[in-house]
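For reference, the structure I am asking about is given below.
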Amino acid sequence: MIDSATRPDSVQRVSATATVSTTAAEASSAARYNARYNRLGMSIARLTSFFVTAILVSIVGYLAVRGLPRFSPGFFIDSPINLGREGGIFPILVSTALLALVSLVIAVPLGIATAVYLTEYTREGHLTLVIRFGAECLAGIPSIIFGLFGFMLFVVSLGMGWSIMSGGLTLACMVLPTIFRTSEEAIKAVPDGLRRLGYSLGATKSQVITRIILPQAKNGILTGIILALGRVIGETACVIFTTGISMEMPKSLFDSARSMSVHFYLLAREGTSIEMAYTTAFALVLLILLVNSGANLLMQSAGRR
Amino acid sequence: MKYSGLINRCVRLRILIFAGLALAAASLPGCGKNSKGLTVAGSTSVQPVMELIADSFRKHRPDQIIDVEGGGSSAGIMAALTGTAQLGMSSRRLKEDEPNEKTLTAITIAFDAIAVIVHPDNPVVKLDLEQLRGLFSGQYRSWKDVGGSDRPVHLIVREEGSGTRSAFEEMVMKPSGDGGREEAVDAYALVQDSTGGVREVLRGDPDAIGFISLGAVTAQVKMLVIDGVKADFETVRNKKYRLTRPFLLVSKGEPTGIAREFVDYILGSDGAKIMHDEGLVSAGR
Amino acid sequence: MPVDEFSAKTVGALSAREERIRRLLLVMALSSVSILALIILFVFREGLPMIWKTGVSAFLLGTRWAPTKGAFGIFPMIIGTLEVTLGALLIGVPLSLLVAVHLSEFAKPLTRAVMKPMIELLAAIPSVVFGFIGVTVIVPFVREWFGGTGFSVLSASIILGVMILPTIISITFEALRAVPASYREGALALGATPWQTAIRVTLPAARSGIVTAVILGMGRAMGETMAVIMVAGNAVVIPTSPLHPCRTLTSNVALEMAYASGDHQKALFATGVVLFVMIFLLNLLAGLLVKRR
Amino acid sequence: MTDNAPMMPILRVEGVSFVYDSPIGGKSVQALNDISLVVETGTILTVIGPSRSGKSTFLRLLNRLQEVSGGGHLTGTILLEGRDIYDDSYDAYQLRREVAFTFDKPQALDLSIRENILFGPRLAGITRRDELDGLVEETLQAAFLWDEVKDRLDLNANRLSGGQKQRLSIARSLALRPKLLLLDEPCSALDPVSTAAIEQALIKIKHRTTVILVTNNTKQAARIGDRTAFFLMSDLVEIGPTRVIFTNPNDQRTDDYIAGRFG
């Protein structure tokens, strides 16, 4: 029985002029109403969670159903034949990996270095505010604009042509704001006490950064990198303009290449082969599943030493 | 100290990358792509057939690297202008406002028919130009107006600037003869950015009508007879089917060396055969 | 004599190394900041002159977009972007809040450990795949059940609504987890049911995190290109009903960039400028809302 | 008020004043004015006084840790064994190894107990395995923590209780083999048992490592302080042998504070 002190909201709404004391009957009906309301609310929430998870399972399932018939281990080893209507996607897999590697090898150090410099070596001021704000706005810019920026700068004026290098540099510019902002948040989350503790043990500023702050912020930074990797692998418009669409196996970073998402896009949109499009999409989702769960494991193990 | 070693290496790594980045940016303006092999870039309508021709050309000249890129006609033309690609592919005539189009030489390599397609269940079989213009300008709202069933008309067009669309607008939306003003395509027309996109929409919507390259027509869609002429290899070659547009290769000055050889190969019998299989009429002999 | 964090000097070899590291970090920070500035300048240099040339009001409020014929009005697309983004939020936000509350407040640790990574996987699926599933599943569904061509604001909203779920769910989840347990215990101690606690106490306490989540979700919806192109129909009209086709600013750029040249290409950059300004205002709004706590 | 003591002083502070950098537009805050005192080697100096009397700031100036938490302007000199620690030629990072510091809130690095202790020595370049292991045992013994953790040295230090963490931070500071150990209210958050353990440890190590202990617990000062200094509103009111300060101080304000008439 709820004592009269805790007046459930429902009773207040029923009669705004009611006196403070409620009769026992009134209180118990409110209790039943609350309990039912509570069960209703919680079950709606649980239902929605299952619904959202079901959406995911059905997407992956749909891709699997449509993609599995043509899916064989060979798919990852052979090269595409006849515009990708048959054969495998080995060169495309390699190109995607190279593209991700080049873009992250450039964007990760730059992003973390900027985050470290702006949090540790400068005082909070107008400059840091402007930079942070600029990065946030850039993170919202659609990738096609980066695509054309990359095309004009790297492909044309720097003469790199359609190549993994141009694509990698463009994708690096695109994910740099994301990595910078997530790293900065992670570094800021490190309590100041740990910094002072480091200094009190005779560590220099760079030692405090490399031995205390970065290890402590590692999980946050890793999350930023995974987000960036997801975006790089999923990118199409920007990659078509900078890396090109050649299905040949790239022999150097300056050869043009086709990433898996672009391959899926061209197969699906040009209607070259819908089945192969689904197979590629299914392989892509598997790849991302691997990367994500690998990273989660890394974070879990790093979390509890 | 395992983790601090990792982080220290990270500092050295950064120096390495930064040097690499600077080196890459500095050393590259010169060499670019053309020093090794041939790059052909441009229109996404021309790219598929160019890819097939390049495949067979690679068997013919294995020592040469042929790189076929997409990106659209404008990107192709710009690539040809800046030398990023020796040959630019375009599915439309060079526009007047294109910069110094005087320095670009255009070589017509094939004629591509634009097929008007509908859903297989659509009873309509043929249309004349005037009806086609009426449909696409939004004048006729229902299939009943052109002899079909009383169903709303769903128009599918390509995006502004695409070779296929500008050719269609020139030949259909401009009333022939009295040189009247070109009618605008109905604003409610759905826009898809690729041949596959148009076909994909048509496959699923019985009330839709669109236009794509003849080569891209498949069993899932029905091609209409326009002005009494059915589009096929013959009617395109003898110009009886009037909805055609040229596929062009553009290059800065006359193509030379491997580029010249590739163009000759395209216009030659091998190229013509591949183009024929893809529903194109070669502009060669 | 100033005693300041930056005046603490070391002596000898150690100080040389410290200074070298500081200078290296400075150079890298400057280079990445200059890249950011370079991109912003690039978009404005290409796009801004075109806005002046067609006149700001003509460009922003014009309703006819025929770039090859010199008509540059992007008002229908601004409305398209706003409608699609609003639609996505109307679908995405309620679902996300319910899921986040369930995961953070009511879910058993096992269900949380299973569901959370799966939802995060949703974020990793490339937008092209979403777009394609949209065309093959959502569009026919909308066409049968609601009529019209199926390519509409509604289809785009559904697809974007699903795409922004992981972003909003995970950030809201973190915000809810950050609410100290004492808040919940306080409410429960006063006889509130778990549902009332979650809705009346925990959610309000995490308000600033939730606002950030919604703003980031909105940013993702506005910036999305590929998926929207495939399902929205891309007609340049002001959609007066959710079943009408529409074109968003980002789709406009991605659709025509391949074939745009001269003024047409500059007009597409101008669309990029308008988009940048809209996202700029969005982030400003987020900044104000969060600080006001 | 200067003070002349017979033994060779390890630390001499002459006319030290410190003004905090005012936040933009705010009024600058005088944290210390004209402090002069001497600390003998091998003794425990306890520093007492109400909060905001500047005693913590004074402590942080002795090993230049104040620079890390906030800027300010210092006048006067601080001599460690005769050398001015604020002279440009003095390596601040080396100073912090010679003058160690433990904080009021018990804190540990997200590492194992052993790695926490060895963090400082590794930075100082000590690499030999046996020397490192020796340091771990010796400092944990000195901090009265060895028996409780000797068989779980690889446990993450954050799993320890508040009292254990504080003793660990003392062991961590001692691992630097400092000449001087500064403690800023180490027992403010601890239970009496842990407080007693720490006081025992300080008495045991004082002959090798001189101790300066800032505390708001006057009884603790009375218990273990050889000499005591009383700070009030950024002034050094009085300094002298603990017995004198607690029985008949020269200054009435010291007597009032110790008797608890104002805090």
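For clarity, chains are labelled A, B, C and D in written order, and residue numbers in each chain start from 1.
Everything that follows uses one rule, which is that a residue touches a chain if its C-beta (ideal position, glycine included) is under 8 Å from a C-beta of that chain, and two chains touch if they have at least 3 such contacts.
These numbers were taken from a predicted model, which means no experiment stands behind them.
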item	value
Distance-to-centre winner among chains (Cα means, whole assembly as reference)	A
From chain D, the most remote chain by mean C-alpha position	B
Chain pair with the most C-beta contacts	A-C
Chain B-chain D separation of Cα centroids, rounded to whole Å	78
Intercentroid distance (Cα basis), chain B paired with chain A, Å	34
Centre distance in Å when chain C and chain D are each reduced to the mean of their C-alpha atoms	51
Computed distance of Cα centres, chain C from chain A, in Å	13
Shared-contact residues (touching 2 or more other chains) in chain B	1, 11, 14, 18, 44, 70-71, 75, 78, 193, 197, 200
Sequence positions of chain C contacting 2 or more other chains	10, 14, 21, 24, 28, 31, 230, 254, 257
Sites on chain D at which at least two other chains make contact	68, 93-94
Of all residues in chain D, those that touch chain A in their complex	63, 65, 68-69, 93-94, 96-97, 100-103, 105, 107, 109-112, 119-120, 123-124, 156, 169, 172-173, 176
Footprint of chain B on chain A - complex, ascending	83, 105-106, 109, 113, 151, 155-163, 165, 206, 210-211, 214-215, 240-241, 244-246, 248, 254-256, 266, 268-272
List of chain B residues in touch with chain A within their complex	1, 3-4, 7-8, 10-11, 13-14, 17-18, 21, 24-25, 28-33, 39, 41, 44, 47-48, 51-52, 67-71, 75, 78-79, 82, 84-85, 193-197, 199-200, 216, 218
Contact set on chain A toward chain D in their complex	192-197, 199-204, 207, 211-212, 215-216, 304-305
Residue ranges of chain C in contact with chain B within the complex	21, 24, 27-28, 31, 65-68, 135, 139-140, 143, 149-151, 229-230, 233-237, 244-245, 247, 254-265
